[in-house]
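Chains: A, B, C and D, in written order; residue numbering restarts at 1 for each.
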């Protein structure tokens, strides 16, 4: 059975190879092939899943070693996979949602002449992401880690002819590289500490390592997670990443890749458990990002950017949960999965809206679309309800669990984290309602696009709506399905471990308070955008709004400090290289030439002056000889 | 008289010849100065020969004269041809090649 | 030679008076054969000038010269094979001449170099024929005033200065004796014997006769000046030791002399005589070697002299002079090592650096090569200073390697010509590599050898001398040598850049197609350069076996 | 005596050079094919060497030893260890691509001068360089190595100065002048380095009495040959200086951008991917082998210089306006990594450094050759003259991107393996250095992606609108390189297996052992234990 694991990755990888090397002759069938390979991967996933369910909870870990990858003395890296419940969850999510989005893209990218390559990239992404979650050691994980980075780079910049897209892609890759630095340093630390970086041995022997070491490793891993999962301070790329085609945003920048950070932390549970300080930092990062994303999400008028802010904030939830330790791991993953459903659904919805509105993204130029695209409206609406945590929908359960866990952390820390999560829930309710109202309610505010075409909103083709419907189902029922009988908990517990913790407040109280903040959030949103008409041009807005529109000045900071600073640095270095380093050498050469020119003058052509030099020379010679004798 | 004095004289003559070479312009004079130096050497040879009581020095002196004569032959040939070309025997005029 | 031995006969006579009969001097004609052959050929050459009709002189002279040199070389080889280079090494001609390894090796080198040099003397295809007569690079009639009617007449009549061949032979004879001279008088006479013909040879260029004459004058005056110093030095040493024989002086210097009469005891006490005398003799030799600060004649003379003569001088003179220098320092003044080594250190360093540095800004090929020869003199001095068998070996090897590269290089210079004869100004060499790749490539090979790039003889030689110097404890010299090599590399490279990387000028020079004579010279040069670069061992062995002086 | 495989491997290209040079002027194409043929023959021989080499066997294999210049204590001694095999393979592998890529670079502009045969010369020189590089990888006699280490400068010099890039570099000086400046700079830098090494070589002889690497190394290890501390240090510096110029190491690097900028792309590849490797190779073989103590003594300074090279080179690459100069500075940064790995003196570091030499060769070749194709189309080296190329020439852009990704050592491609090994090996002994070096991976991403973005993406520039995509010859050049980059990234074991033993010998030369892990590793309870081994 375990020999199937490699196939999980091989299928989409093969797909990518075929599609990218296949050339024009595959343009006709490219998208179907791509979808096929994705589906195949999903199929294998399901097969493995059923097999796994068939076995006892403690015997569900499969592992497969392909070959020894880099053997140098103590440094032994294998290409080997490990499939346990955690990986399994991700495999299903990735290949499942992935397949759906492939299908969706068939319709969405219909008119793009480079659609074949698009599917190639998507397959490449799937392969890399699966490698990431299946690797059984950190180095191989690193390969997947950078692989998804590459795929996201290619896909964000898919419309390269737009400079903005190219820039966004570059930015994403660079910011991620900073995170990757963290991961590689973490691996070095692991190697010097344990002499290996394979999950099994490392986790088995964390006990022998000092807490200091573990904290260092954990923090480096966190840095990596921040980069990949767009957590403060490395979040700046996610907003710009929306330059990519919407399916990409849905798959990579909402459902799967951005959640890799969470996977990394949960996977390294053993390490983090040994490093409480690091865990504290994780929770803080999560909390801050949670609010940061939420606030940004409130102010954006670009529907995708608003959703991106929300993604950031939701992942903040997961990271926070993961930071809580055994109390939170399970719920982090659970929220990750449910989020995968509804956020993907929301993005696809947004994509469908743009599809109908000549790729208009400004929500202020939408309005009243519910009549024109009912399916989109319904699916989007369900996703909306799920994310704000409407009772009974999946978001309700997963988020509620995290909030409880936050309180269960105990102590002031618990109170603070709990408060933050609650507040976040409220803001979530606000900005999502805002999106909802701006897009589907109120009166038309449509504007002709640059080419002057009036938009004629229409429902998207089946290939697009069907995935949306399926995802909507997930958004509605997944949470309940997981929660009833604590299925999900029992499923993951063998891998991540679980402890209930002792919450100062009862579950009921938490649920109640979430309901309250939810209502408040929705209410405010309605009062602002539901009651009175919405101006097409955004009002100046409060200071906070303006700050939020500019991502709380985070980009400006980057621009001034890193970009400008860097430019000055390189320019001055170029000067130094030319004038100093090179100048010294050329200077020496020149001085030799000068000396030569001066000595030449002695050769003045007069025989008698030559005689003088001979005479002088003789004198010196004699003097020197005598001197030698004298001393 | 102490033979050493002859050596002093030889040294003096040699120096005079040498400085003559350095300060005189006319090739012929210059050349005469060289001859003077050679003669200074001869004097030294003879003096030393006397001091050591063997005849080698004196014989060498004869050789020197022969050689000097040969030098004159060659030297004058060159200087005269130069003079005929340039109508001047000044060595300083012959400075086409420099630097 | 006979005159010289007579001298000793006379001194012997003076010892044994009254004389009823003159004891015949004892001369080993066999061991002196190389020199005697060349001298005899030279005399014959003079007679040829006198009696052979003009139109056939050239051929007779060339044949005579080449045959004589070949025969002399054969004699040298015979002597070496006969063991005179090693166990049978001896003093010949009643103490006047040493027949030993270094002498024979250097004589062999000089003879071979002279053969190829004489071939370039005989080249008659480069200049356009004047009035139907093939002309070489020597004046039609050296005596006639440049540009005068008589010159024109001489050219019209097809005169040629075939005297150059006997002159060259005389010079060669002197050079053969110079490194073999075993007493100071022989040294002096040999010096003059090879200098005087060279002065004349410098003066007889066909083109640019003013420069040629100027060169001759400068060379002559400075040469005479320096030989005066040499002679005075000899006088002082004679005064110090009471003899001019190397062996005796050496003994006196070491204090191992058997019979010390009061006069000798008196002068022996006077080190000033010894030191000043030694220094003056060094001056004379360093002048011939072209070491700084006695080098200043070199550029002008090299530039002014007819190029074949320049090549001959640059190669053969250096060999002979360094031979004499070696013998003087290793046979006569080894006892004085601690006095002259530091001085020679200084000279070597200044010579290497000055030669390399001044060459950087030269604009005339022949002057450039002149300065490079100065720098090389510095390198060889580094080997001389080693004062070890390796030192001698390395110097011998270096001289052999260097002389052929030099002659070859100057031979190439004779090929590059424009209306005014040889185009020696560097600017005219621009783009030569495009015009005639082969010539440029050959010259590049010689330049690389000068620069001491591996796989050329230049590198092997440089490595040998530096190694000897380092082993002799002169590590600092090696470092200086390395630095000056780096500087020197710069200007050799400059010429290559000029030839290959810059666009040819419209009015650039043409490359004359030479006769087999010059071709042979160049070919030999290239061959030796590569062979000594790739497989130097055989010649190193030769030099090694030849590296012991007889006393 | 067995078949002298190593000699033959070096001689074949030399013979090829002679024959190619001898082809008459008119038969230009014949010369090209002849050269290609001989380079392929060499490749075959190199493969044979790799096959005949037993990783487990003696340190130096396929050895040959003949007297050459006894008076200098010089022997003609050849032998290869794993490192040598890897680099010979790299060289023999790249030359055919260099030749194929430079197929038209040396076609004479003016056909009037019949005696002037640039094409023949171009390819002959390339083969000559190959011969000399190969033999210097094989030489186990210091003098023999030195001879070819120096001699290879001359053909390189003619390649740089004689066959410049015809694309304009933006500066208004005339191209010929810039080119010969670059060539002279290249030669003088390296010659100066070489001459200083010559002094050290002589010094070594005075101390050791012979030039045999094996004898001296053995004697050093056995302690029978002891050098005075200062002597050893001076000699080490003499050797290291030459290698650091060739490598090149900051601050001796400034010749490289000129040389690579002015020469044609294939020659640039020859410089940085092949010739420069001799420098780093020699550090590993000669500096460490002959002067272990001095190497350890100098390590701190060298590490700092290497770090500077890494960061400085990367930052300057970011600041370049000229594509080829950018690649040059990137190479400087990479050479920093190689030297870092060598002097970290851990198995990972040195194996990584060796792999790095190979991988850097491949990645730079890929990037530079594609850049060359790009430049030859537009006739400009300025980044600013391009834009949106991927729209008109997707394959070119794609290959260029892959080359770039290899340069930023993306996991999955070969350079990642070596770079990570170097980093981890360095970190194991010098944590701070290792961490600073990781900054390099961010900067690498920066200059590569900026280059790609400015040239390939964005709106299509008018001048590139008509640009044709890669044609067959060019694809044939690039495709194998890319395949190798991926192959060696996925399965580097083929290299590590032959390199590791050699590295162990080097480690024992310097008497260093890898730092042990800080804590014991427990047995893994679950059955996912294979990974633990």
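Descriptive notes on the structure:
Please note the rule applied: contacts are C-beta pairs under 8 Å (C-beta built on N, C-alpha and C of every residue); 3 or more make two chains touch, one makes a residue touch a chain.
Just so it is clear, the structure is predicted and the values come from calculations on it, not from any experiment.
For the pairs A-B and A-C, the larger set of C-beta contacts lies at A-C.
Centroids built from CA atoms put chain B at 97 Å from chain A.
Mean C-alpha position of chain B lies 66 Å from that of chain D.
Work out the mean CA point of chain A and of chain C, and you get 81 Å between them. Distance between chain centres (mean CA atoms), chain B to chain C: 24 Å. For chain D, the set of residues touching two or more other chains reads 188. Residues of chain B in contact with two or more other chains: 18, 21, 30, 91, 94-98. Multi-chain contact residues of chain A (touching two or more other chains): 589, 600, 603, 605, 607, 611. Interface note: chains touch in the pairs A-B, A-C, A-D, B-C, C-D.
Those residues of chain D that touch chain C in the shared complex are 67-72, 113, 115-117, 146-148, 150-151, 153-154, 157-158, 161-162, 176, 179-180, 183-184, 187-188, 191-192, 195-196, 198-199, 202-203, 205-206. Of all the residues in chain A, the ones that touch chain D in their complex are 20, 61, 63, 65, 67-76, 78, 80, 82, 84, 136-137, 139, 142-143, 145-147, 150, 153, 157, 160-163, 165-167, 170, 173-174, 177-178, 180-181, 184-185, 187-188, 191-196, 198-202, 204-205, 207-209, 213, 566, 569-571, 573-574, 577, 581-582, 585, 589. Taken in their complex, chain A has these residues touching chain B: 600-601, 603-608, 611-612, 615. For chain B in complex with chain C, the residues that touch the partner chain are 7, 10, 14, 17-18, 21, 27, 30-31, 34, 37-38, 40-41, 44-45, 47-49, 51-57, 59-60, 63-64, 67, 70-71, 74-75, 77-79, 81-82, 84-86, 91, 94-98. Remark: chain B residues 18, 21-23, 25, 30, 91-92, 94-99 touch chain A in the complex.
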